[in-house]
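Below you'll find a set of structures to go through.
Each of the next two complexes has chain A plus one other chain: chain B in the first, chain C in the second.
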Partner chain A sequence: MLSVFLRRILSLLPTLLIGITLSFIIIHLAPGDPANRFLNPNQTPEMQSSIRERFGLDRSLPVQYGRWLKNVIFHLDFGYSFYSGKSSRAVIAVALKSTAILSFWALVFALIAGISLGILAALKQNRFIDYFCNNLMIFFLSIPGFWLGLMLIGIFSIQLSWLPGAHLQSLYHHQLGPGARFWDLAGHLILPVITLGLPLAATFFKYIRSNMIETLNSDYILAAKARGVNRSKILWKYALKNSLLPIISLLGIVIPALLSGAVIVEVLFALPGVGRTMVTAVYSRDYPVLMAAVTFGFIAVLLCNLLADICYRIVDPRIQHSPGEIS
Partner chain B sequence: MNNLHTKSKMGGSLRAGCGILLFILLFILIGRLLTPYDHLSQNLAEALESPSRSHWLGTDHYGRDIFTRLIYGGQLTWIIAIFATLIAIVIGTLVGLFTAWWGGWFDLIVMRLVDVALAFPRIFIVLLVIGLGGSSIELLIWLLALFSWMETARIVRAEVSTHKNFAYVKAARASGLGTNRILFRHIFPNIAGPVIVSAILLITNIILVESSLSFLGLGVQPPFASWGTILNEGKIDPLGNWWISVPAGVCILVTVAGFNLIGDGLRDLFDPYRLN
Partner chain C sequence: MTFRNSLRLHWYYIPLIFFLVFFSCQNKNQHQIQQTALYPPTEQTEDGGTLVVGIRTEPETLNPLFALSQSARNVLGLIFGRLADINADLETFSPGIAKSWEVSSEKRQIVFHLHQNIHWHDGRPLTAEDVVFTYQMHIHPVIAWDGISYKQNISDVTAPDDSTVIFKFHHSNHTMLLDAVEGYILPKHILQQYPPEKLYTAGFNRRPIGSGPFIFVEWQDLQHIRLAKNESYFKATKPHLDCVIFRIVPDNFNLLNQLKSGEADMVEGIHPKNFLAIQKSWEAGRSAIRPISYLGRRYDFIGWNLIDPQSYAEAVAAGATRASIDSLIRPNKLFGNQKVRVALTMAIDRQAIMNSVNFGMAVPLHGPVPPILPSYNADANIVWEYNPGKSLDWLAELGWKDHDGDKILDRDGEPFQFEILTESGNLHWEQVATIVQAQLAEIGIRTTLRFLEPALLYGKRLPNREFDAVIIGWTVGLTPDYAPLFHSDYFFTPFHFNGYYSPEFDRLDALAKSAPTKAAAQRYYDKIARLLSRELPYTWLYYRMECSAIHSRFKNIIFDKRGLYVNLEDWWIPQSERLKIDRIFEN
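And now, the complex of A and B:
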């Protein structure tokens, strides 16, 4: 078992490297020169080249890449932001915390809402509540996340001013007591978490509903019914367990989507996460911060995938342990 | 009886979806006959007007008629979505057909690459390419397509792997038909159902991604507009200027919902094994 996991981790490395290299090439071949930001029209071309030299942009692409990779691997040093001068690693580490909080709660919200409604709909199949949930979920699946967020901000922040529509905490957050800090954070999180979580909830709902219906119609449930096992035991112990399994493997697909969605939600709600940092860095051509953001993003996704994979293997021992297996 | 009931329900969602999409298509195709305005010409004297007789859905910050912009925006949204989906489906189908047919190392390497591509948050790369390199509609179509073919490839590959062992394929092989002929003339028609379903799901995804990119200012660039771009222009005051931000959002929602309904209906139709 352990060797399987080690092999999985090793097989992630080339994936990561491909992604990072590709990003590096795109970033550095793109038009635009970060050095121009520091110049005004009166300054000489020598000035520009000296700034380029300082950033290390005067070298050829492979040299820059080699140098960057070496620093990352041996010193975990992603370089310093061209503009703020802060360590890119520190900038991203802070941003990652916000993104993690947002994504985690969105996932929890989506799982709870999707699974409970999915079970409900499956049990009441073809009744009113089933149709209602089904259509509601098609609605949530079709609604563009950013528009939902925009409308929520409009209604709950601007019109009713019940909830804050931007930032992760109030300006006076650090002057609050521990309890008030929690509520402050929770209040700021509600709208972004709903915006990010609802489409996901709809995805989970669809899977759970169809799995549950299929399971409830399978022979072993019929056999359990025939043996007189009581209904709630059949439902909670037999059917639910098997219907929930595919959700774990679904997580592997959902997590990249979650991160993509987080980018938009962060921009919309002005949350200080990786996505927003990336968008800002793209516009200011802050290469070190961009590369750090991309690298951490890729690592996060791959680790989550790995985690989902491991969970699945633990829960469902039927999975074969062959290394070349492709599902 | 139960079976009959669900059958009619499936047809219902298919019909509802088709109806919705037909309505939207009519709106974006012949809607321009209803409006005297041009979608690009500005009229600052009439900026930010609320809906009225002369401007059915009001005007934006530059005095452009929103109703007209919705029509042209819809055309752009649909064109991008359809082309990107077509390209993605062609790539995905070809990759799926040949990996499953040839198998072996080719299959292993290509499917590993598909895994790699699926694991990445696509928006990262799209953000880098467009944010740094600038946007154009052709680039947008290719980027959306290049990040969408993988799921189709997986579905096609799984289907072909099963069909490979069916008698009709073996018979075709035994009678000496070439690979291309077997793949495209014999196997493909038999797996067209799942391909169509995946195309429908893909197009919903692509519409949503395109509009969110345009909303971020990375997709369709002003003065041209897709529905996402219009939403970007309306985000400053989402409820105060509701005539900018609400109709465009509803258009996206309704279009995607229409495709989702069709997708659901088709999946039930093509999947005889589904228990109901």
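And now, the complex of A and C:
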């Protein structure tokens, strides 16, 4: 398994390199010059060239790319933000922490809600609870994330004043004890987690429900029933296990989507995440931060897919590898 | 706060352009200091309390040498100090770090005497050496400070002793004092550790040490910036508040909700519709959020492209200079004619646009001089009132009629049609563009709207003159300069995007700037206003009111055209009105 893992990692490197190279070119070819932010009618040519030199924009694109790539590979240095002067790596590291917290809990929420309701609907197929869950999940799948977020803020933050509608923590967070800090953070996360997680829960629900129904009607389940195997054993050991397999593949796709979906939620709830950082970087043509974010994004997508593949092989013994196989 | 010099393109969130000038002539009839106190200043004050300001954009840096955004400037004004602070009349100054100053008899030198009890927030004394160092940073080409034009007339700055600074000037003019005091004083003992080329990435930019009324405490990325009262502030009894927090909330809806729920005490730039709702609640006694509106710094306009884009591109490729403008650049086939611009202006109901888009929170504008300036003279402008019938007559005189009965004006078989650009994502301008399109359609002019990404609009289409008409806005400084927008010296710069060229404007601008007295300069500025409002390189739409709101527990608030932060060190909160947040950060 380890050799498979290592081979897969190595096979991902060219993909990563091609991806970030294309991104670098596209970002730099987009209209708009980062130095224009400093444009001033009274600037002398020396000042203008000084600003371009400050950001390395006085070099040709291949030279800029070569220097950038070298610094990334040998020093993990993505350069300094054109916008704030901060290290791009530090900017992304801080933002990544927030996005990771949000995405993780959104995923946990989506898995719990989606799987449990999916099982329930499958067991109660064509009954009221099934129709109700189905329609509810279609509703959550259909509505735009920003609208859902606005509604949640309007109801729970403004009308009822139950939950905070913005930020990751209270202004007085640092004055709280450890327990209170946890609850402060949890309180701030509830609405954004629900906003981000509900559409995902609906996706899981649809998969689980249809897989469970299909599995429960399959021959081997019927055979188990005929042999008098315990109903709960059939359900939890045989049916659910097989129904969950596609979810693992799905995770490889939805986790990166979760990160991109976090953009709207982060802006709406004023969370300090990667999505919001990227939006600011795009508007200000902050190439170093943008490239750092894109690189981390690529790595996240590739790793998630890799992990999904590996998990799939772990839980499904039918998938075997020949020594040279890399699927 | 920027007083002068900075015409700048911001293509993210706030697409504004700052411009400035020199000048400060005045019309005595118009020269009134409009300053409003929400509560009359009182002798009685109580220390303590917290102000939470909701802001949309995070400051990019807290180093005054590199800060460009308004949010950064608002924070910096509380952390750092200037030698002197401009007063509401925009002509006189109050002592700041300098307790007094005198101008030499030949008027080419100003001697500043500094307060001797001012300390940096790290405890080191602020001396004249810091002032000299600050000047050296301001003019350093590697720093490329955006206010450098203030310093162009200064020949030398010296510090004969720790509390005296001498500014010497190349020549005498009426902006010498403004030139000398512009820019926050920086701590030499900290910044000299960095070579100038490394200053842009210095840690100081995120953890500044200043000498102002508030000390920097913490900056949580994309969350908030917290400042605390400077207990050693040289104005012994100030500030009164213990803490000022800038909370960053990028979404307008949520920012407004923060204000309503009490999580933010003050928000600026509220949409007029929401502002009127706040006003209604306040007047009905249902809310503690007090609305504040005043003439701000922004106006919106339609910029017509006066030149032929193709000839401009050819001229630039051929290395055209100012001298070859006439010979190489052709006028625009539609808007090169002043009568067309006037006819289009008369076809646009600007009052209706103001009412529907700004909900009345704007005032008419007919010329280049913003109404907040002492030099504003409403009578100097030629006013082209809404008159679609007259507009059609003017166009008919030029041959534009509906010859083929398709309800579109045409001439020589060519329909009167053009494209209007504006910035995508700016709902305000998109709405204005839509209304303008409908109004022009009523007189038979066909327009197409195109909403462009800011970098494409400001970075390519406007600088390359690849447009017909554009709807955008300027933000004005307290001493605006019209030259970057209309003077032929700037013809090939991005700011001079519509290609206006007039020897008469150039002459008047030069005369105004060299006028010996402010009264004399005012005559020329009135002529400039008359010239531009007659020629209409822009159709000025309206001048916006700033819509802000603040919790009513804050007292002693004064606001005027300099903004809402003018006297924040004087704000205080009565004990009886304090909230939980006021006690959390008590000193």
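Here are a few things to note about the model shown:
Criterion: the second predicted complex is superposed on the first by the 319 of 327 C-alpha atoms of A that agree within 3 Å, B and C clash if a C-alpha of one lies under 4 Å from a C-alpha of the other, contacts with A are read in each partner's own complex, and residues count from 1 in each chain.
Going forward, a residue touches a chain if its C-beta (ideal position, glycine included) is under 8 Å from a C-beta of that chain, and two chains touch if they have at least 3 such contacts.
These numbers were taken from a predicted model, which means no experiment stands behind them.
Superposition of the two complexes onto chain A shows a clash between chain B and chain C.
Within the superposed three-chain model, A:Phe78 lies out of touch with both chain B and chain C [touch as defined at top]. Once the two complexes are laid over each other on the shared chain, residue contacts for A:Val267 go to chain B and to chain C alike. With both structures placed on the common chain, the touch criterion links A:Pro144 to chain B but leaves chain C unconnected.
Touch criterion met: A:Ser284 reaches chain C, while chain B stays clear of it. Legend: residue contacts after superposition of the two complexes on their common chain; A:Arg54 is shown touching chain C, with no touch to chain B.
Shared-chain residue A:Ile213: touches chain B; no touch with chain C.
In the superposition on chain A, A:Ile26 makes contact with chain B only, not with chain C. Contacts of A:Ala166 after superposition on the shared chain: chain C is touched, whereas chain B is not.
In the overlay built on the shared chain, the residue A:Ile18 is in contact with chain B alone; chain C does not reach it. Annotation: chain A residues 30-32, 150, 153, 158, 267-268, 283, 285 touch chain B in one complex and chain C in the other.
The touching residues of chain A, counted against chain B in their complex, run 15, 18-19, 22-23, 26-27, 30-32, 126, 138-139, 141-147, 150-151, 153-155, 158-159, 210, 213-214, 217, 253, 256-257, 259-260, 263-264, 267-268, 275, 278-279, 282-283, 285, 290, 294, 297-298, 301-302, 305, 324, 326.
The touching residues of chain C, when paired with chain A in their complex, are 5-13, 19, 52, 58, 60-61, 63, 66, 68, 141-142, 144, 146, 148-149, 152, 197, 200-202, 205-206, 220-224, 226, 245, 247-251, 253-254, 257-258, 260-261, 263, 453-456, 458-460, 484, 490, 493-495, 581, 584-585.
Remark: chain B residues 2, 5-6, 9, 108, 111-112, 115-116, 118-125, 127-129, 131-134, 204, 208, 211-212, 215-216, 228, 231, 234-235, 237-240, 242, 245-246, 248-249, 252-254, 256-257, 259-261, 264, 274-276 touch chain A in the complex. Partner chain C is touched in their complex by these residues of chain A: 30-33, 36-44, 46-48, 50-51, 54, 80, 83-87, 91, 94-95, 150, 153, 157-158, 161, 164-169, 171-172, 175, 267-273, 276-277, 280, 283-285.
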